[in-house]
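First, the structure itself, so that you have it in front of you.
All chains are identified by letter, namely A, B, C, D, E and F, in their written order; residue positions are counted from 1 within each chain.
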Amino acid sequence: MRKVVITDPPRTDLRLVDSLAAYGVATVHEALGRVGYLGTTLRPIQRGVRIAGNAVTALCAPGDNLMIHAAVEQCAPGDLLVVTTTSPCTDGMFGELLATSLRSRGVRGLVIEAGVRDVAELNDMGFPVWSAAVSAQGTVKATAGAVNVPVVVGGGLVRPGDVIVADDDGVMCVPRADAGAAVRASQARTEREEATRAALAGGQLGLDRYDLRPLLRSQGVEYVTAAEYAREGG
Amino acid sequence: MRKVVITDPPRTDLRLVDSLAAYGVATVHEALGRVGYLGTTLRPIQRGVRIAGNAVTALCAPGDNLMIHAAVEQCAPGDLLVVTTTSPCTDGMFGELLATSLRSRGVRGLVIEAGVRDVAELNDMGFPVWSAAVSAQGTVKATAGAVNVPVVVGGGLVRPGDVIVADDDGVMCVPRADAGAAVRASQARTEREEATRAALAGGQLGLDRYDLRPLLRSQGVEYVTAAEYAREGG
Amino acid sequence: MRKVVITDPPRTDLRLVDSLAAYGVATVHEALGRVGYLGTTLRPIQRGVRIAGNAVTALCAPGDNLMIHAAVEQCAPGDLLVVTTTSPCTDGMFGELLATSLRSRGVRGLVIEAGVRDVAELNDMGFPVWSAAVSAQGTVKATAGAVNVPVVVGGGLVRPGDVIVADDDGVMCVPRADAGAAVRASQARTEREEATRAALAGGQLGLDRYDLRPLLRSQGVEYVTAAEYAREGG
Amino acid sequence: MRKVVITDPPRTDLRLVDSLAAYGVATVHEALGRVGYLGTTLRPIQRGVRIAGNAVTALCAPGDNLMIHAAVEQCAPGDLLVVTTTSPCTDGMFGELLATSLRSRGVRGLVIEAGVRDVAELNDMGFPVWSAAVSAQGTVKATAGAVNVPVVVGGGLVRPGDVIVADDDGVMCVPRADAGAAVRASQARTEREEATRAALAGGQLGLDRYDLRPLLRSQGVEYVTAAEYAREGG
Amino acid sequence: MRKVVITDPPRTDLRLVDSLAAYGVATVHEALGRVGYLGTTLRPIQRGVRIAGNAVTALCAPGDNLMIHAAVEQCAPGDLLVVTTTSPCTDGMFGELLATSLRSRGVRGLVIEAGVRDVAELNDMGFPVWSAAVSAQGTVKATAGAVNVPVVVGGGLVRPGDVIVADDDGVMCVPRADAGAAVRASQARTEREEATRAALAGGQLGLDRYDLRPLLRSQGVEYVTAAEYAREGG
Amino acid sequence: MRKVVITDPPRTDLRLVDSLAAYGVATVHEALGRVGYLGTTLRPIQRGVRIAGNAVTALCAPGDNLMIHAAVEQCAPGDLLVVTTTSPCTDGMFGELLATSLRSRGVRGLVIEAGVRDVAELNDMGFPVWSAAVSAQGTVKATAGAVNVPVVVGGGLVRPGDVIVADDDGVMCVPRADAGAAVRASQARTEREEATRAALAGGQLGLDRYDLRPLLRSQGVEYVTAAEYAREGG
């Protein structure tokens, strides 16, 4: 691993970033063709938050948050810090003091594939965090890593300047080059969904709206009564 | 697996269903002789909800929610949809649009041994869900399965028309034939517990109330001081 | 295992206990030299609670809460009950009735490396619980164990009379002999953190405050532009 | 739960059972329409064994093997004992002495959703076991359960007299009523596979043998060179 | 944590240690009253090995094997090295070179609640290892810990000079003070088991040998035919 | 996700690939600077195998092995197939027939972040496989994905033509551009280790060979007798 801090990573236009935040993870993920979701293990510390930001990445040794401190300096307003470790770690690598520091730089939140602590204080501050664990176990500041290199988080690839969208459904990464298209596709999907929502609320069935009955038939699904089913041996 | 939709599953009288909801999972589970609990992995998306309903079941392929759409059509007021997959799956197979559809049919909630998404929207709607995961990862509508066949969920057997009771303690299944007895036993247990609660709140010990001291003696439990314990080599 | 109930375990002065509660798990854990944290699997049933108490310990057979009843009798005001099992168990070994009993004796909370139930009722009561699972599955009262012997909980050793501190960050154990020193060190740390918090909020970087730049240099970390990084083959 | 021992469970003809053993889990599972597989957590203690037997079932309390002893008496030559617990348990509920007892009755093996011990001795005896865990932790004989009732094991339903097939790929359950059809379908599949194996060994592609190229085309899969892919932005 | 290397830990007489090895984990665990088993997560790298040794303990930072090197110096013939980390770690903290070093000092094996690597080479050497993981991920030698202090491994307490017994069933710890009694109890148990084994092999049932029929009766277990069971509603 | 099959992925010179196989995962991982290890969850189906090959990648839908068939056609002698899914999947996506097909094309093995089946047959064939699970659960051939695009496997990035090295220690990925340097560094490391092995076998301590004593001193590690340690309060 090259020990490096990249000082001028690309960033996505904040207007695009803010649009993506408004749509949320599930919608953007659909709009993007169902790629970029960072898995079910990154869970929100706070419920009901929906944000997006430019990824600044930090790659740390397990149990060592030295490179988070190095990453803070590289953060700008509108960024969202993305942290992972070179091997699995549940220690509390991030807490209220680092959140204070990030907030003072205009950073919108944290995604970390490791543990965090000071959960009560983070809640009081309203600083949004998605993490793989909560742990009071402290860390050292001893081993160099890298800032703003591509990292794998939650089984997905995140590059500096990609857009991270996060809410109660988890975290996803929109590649920088795809941000504009993702906004347009999310908008289109949202409009379609509004019509669908109204139809379903009015009692139309998904079977009809999505024209699924022929598919069921073609796959040989039978509609039978309970009595018929029992008679035929279940 | 037979690809089938059973159109007239049995149902339990809603007065029994509603009575069971009032007692909650832990009480009904005790009253039923400690069977039917569907394990620790099905967790509520919302806290503080306590419901019961008639099970309508859907068996899906992993990553494919076609049969949830087929199941919606089979749902009636007072039902509770129970979904599982033929192999383990954490994808977000259910979201706000399906919840809208279920609600329009009078369905009371969802239990799913897979993932759900649109968590914030489900909370806003107040549609109760118990799931094994949260995931924004979308699914397809491509593979047939079955509706209203017996399914295994959370390590337990659920048949259409069984009563599902769900609250913060998890989910349980009361076989349809046992619903009446479960209501009576739950009522009896609730009354006994009220007396016990008052006694314990007043300072009586469980050791005395349940007459456990002879059991401790018969198993050779000694009461010793710390000094005696240390002297005898711990 | 010796089947024993120790009737006069040592206890830590409640003034020390209460001081530790005020600092919280993360601070005390740091102050104590980063030992005693009981791992990431013991999670709070309620959010936003921060307590401390004298450990009374109960060692139970899996699926059997007989010794919790025996332990209740040994509890005094200011205590916190710590329960574990001889092999892993997720059953609901503790619920609202036992909480009522503990509360009537002035016990402050429960830490249990097993399951609990009656979660809604425990929340209504405001009785604080940290557990490894939630489960409605009931238990029996059949097998003897021990009360107030040293136990291993969450990968750490807890002895009767040690101070348990618990909050949203998890649970930790302060050995009785270290309680006074832990208070003093926590106070010192809190004061230092206040100054650091102000500095970071004002924009000072951790890199400078903790003098980490020489460390980065000595480990060969380079600061490069994205263009330079790409040119050198990443 | 009803505490009951059923003394005359149905059994499947051993000629069918033995035929299924010869085909193995993967083939029978396919032949049966991909149902009945008991999941990835039941692993063989010995490698390279392939057996089948009539299910005799035992439902135990966790950490309590009383009902395994009751089940032994109900076993006959050609049976295979299937054990589960009312809540999850990794304790060593079965060891060399019980294996000796089962062997003396002509039982072919054990499937247990809990722990086993005496692994070296079981290997020396050549008694086949599939379990969810290995653990030296002993159990008691204290709590009643049931023998030869339907049980859920590995997420699947097993009824007494169903055929259990087990090998290195895991464990599956063939319902008694389906055993004959499963033998015929397995035989047909085996013959088809032999031809396919020869064709593939000779270099024919699955794409051609299964006629998958039109499917790829219809779903819009493009074949491109690396240069084209890079040019189009990946 | 005190950073300390204890240079003259107590040791158990090797004649006792060797006797315990001969009985194996399951027997000694039973003989000791079912305490001291170090859980199901420590698995053997080699199958079919059964050893015992005097515990020398090392407490390391995660991802850092400095203290293993310090521990090697404290090892003597007949010892068995026991390693754990201050927070969970799967990295490969131990490999063939350290095994070479330990072997040259007469150490009998390794128990480590973390990862190991060079598995093929360890097998070729025949150096016995029980670990929580296998991982090629390397570690550093940077952070001090402790040698020969009490440690918690696999949920159990291990003190220097305790006897570690390990085989295919896992790992257990016999406190030094209990080693003599454990040998005597293991011998007695082995003799009893021999008689039981012969009886069971001859067809006697556990129900009769352990006199379990009255227990089944007292708990209300009924013996019924399948027809009776079906008639009574299962 | 773009549905694409890249037909002419780059490949690494097989002489480099074969050299890396000879060194094995742990050595190459060290030589490469401790990056590229694909985690502890990909385990070998066979023990004692050590191979390397050029990565051909397949990205599949969960429970769907259509793209494995498409990938076979893209394989050439010396390749190693790397398969992952768009969301987690333990189904048996690969078995003996696909192995037969791969072998006929000169493919050296399979790495799959999902399940495999026909384990006994794969062992008989001697076809090397590393997988995240074993499962008899079959899959369909219905959904398009991609072949020879970059994929994330085991938390690491694998691009077509990278070198996969796999043995009992797990799986690692050497970027194509680094293969030559990795061979040279592995050779140098191997030579150094040979000298170290001889020294350690001869009794030299790691503390002296790696000059670790000053580090222990500088971090304040004390060497004390057990009596001193006890006197000072442990």
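The rule is simple: a contact is a pair of C-beta atoms (placed from the backbone, for glycine too) under 8 Å apart; a residue touches a chain by one contact, two chains touch by 3 or more.
Bear in mind the structure is a predicted one, so any value in this text is a computation, not a measurement.
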item: Separation of chain D from chain A in steps, with touching chains one step apart; value: 2
item: Minimum number of chain-to-chain touching steps separating chain A from chain E; value: 1
item: Mutual neighbours - chains that touch chain B and chain C alike; value: A, D
item: Homomeric contact chain D-chain F: same or different residue positions, threshold half; value: different
item: Cα-centroid distance, chain A relative to chain F, in whole angstrom; value: 27
item: Chain centre separation (chain B, chain E; CA means) in Å; value: 38
item: Set of chain C residues in contact with two or more other chains; value: 2, 34, 37, 39, 86-88, 90, 135, 137, 142-143
item: Every chain pair in contact, whichever chains are involved; value: A-B, A-C, A-E, A-F, B-C, B-D, B-F, C-D, C-E, D-E, D-F, E-F
item: Footprint of chain F on chain E - complex, ascending; value: 2-10, 66, 69-70, 72-73, 90, 92, 95-98, 100-101, 103-105, 115, 117-120, 123, 133-138, 141-144, 148-149, 160
item: For the chain F and chain E complex, residues of the former touching the latter; value: 24-26, 29-30, 34, 37, 39-40, 43, 47-48, 50, 167-170, 172, 193, 196-197, 200-203, 205-207, 210, 212, 215-216, 219-226, 229, 234
item: Residues of chain B touching chain D in the complex; value: 1, 33-35, 37, 39, 86-88, 150, 152, 155-157
item: Chain B residues touching chain F - in the complex, by the definition given at the top; value: 61-63, 86-91, 135, 137, 140, 142-143
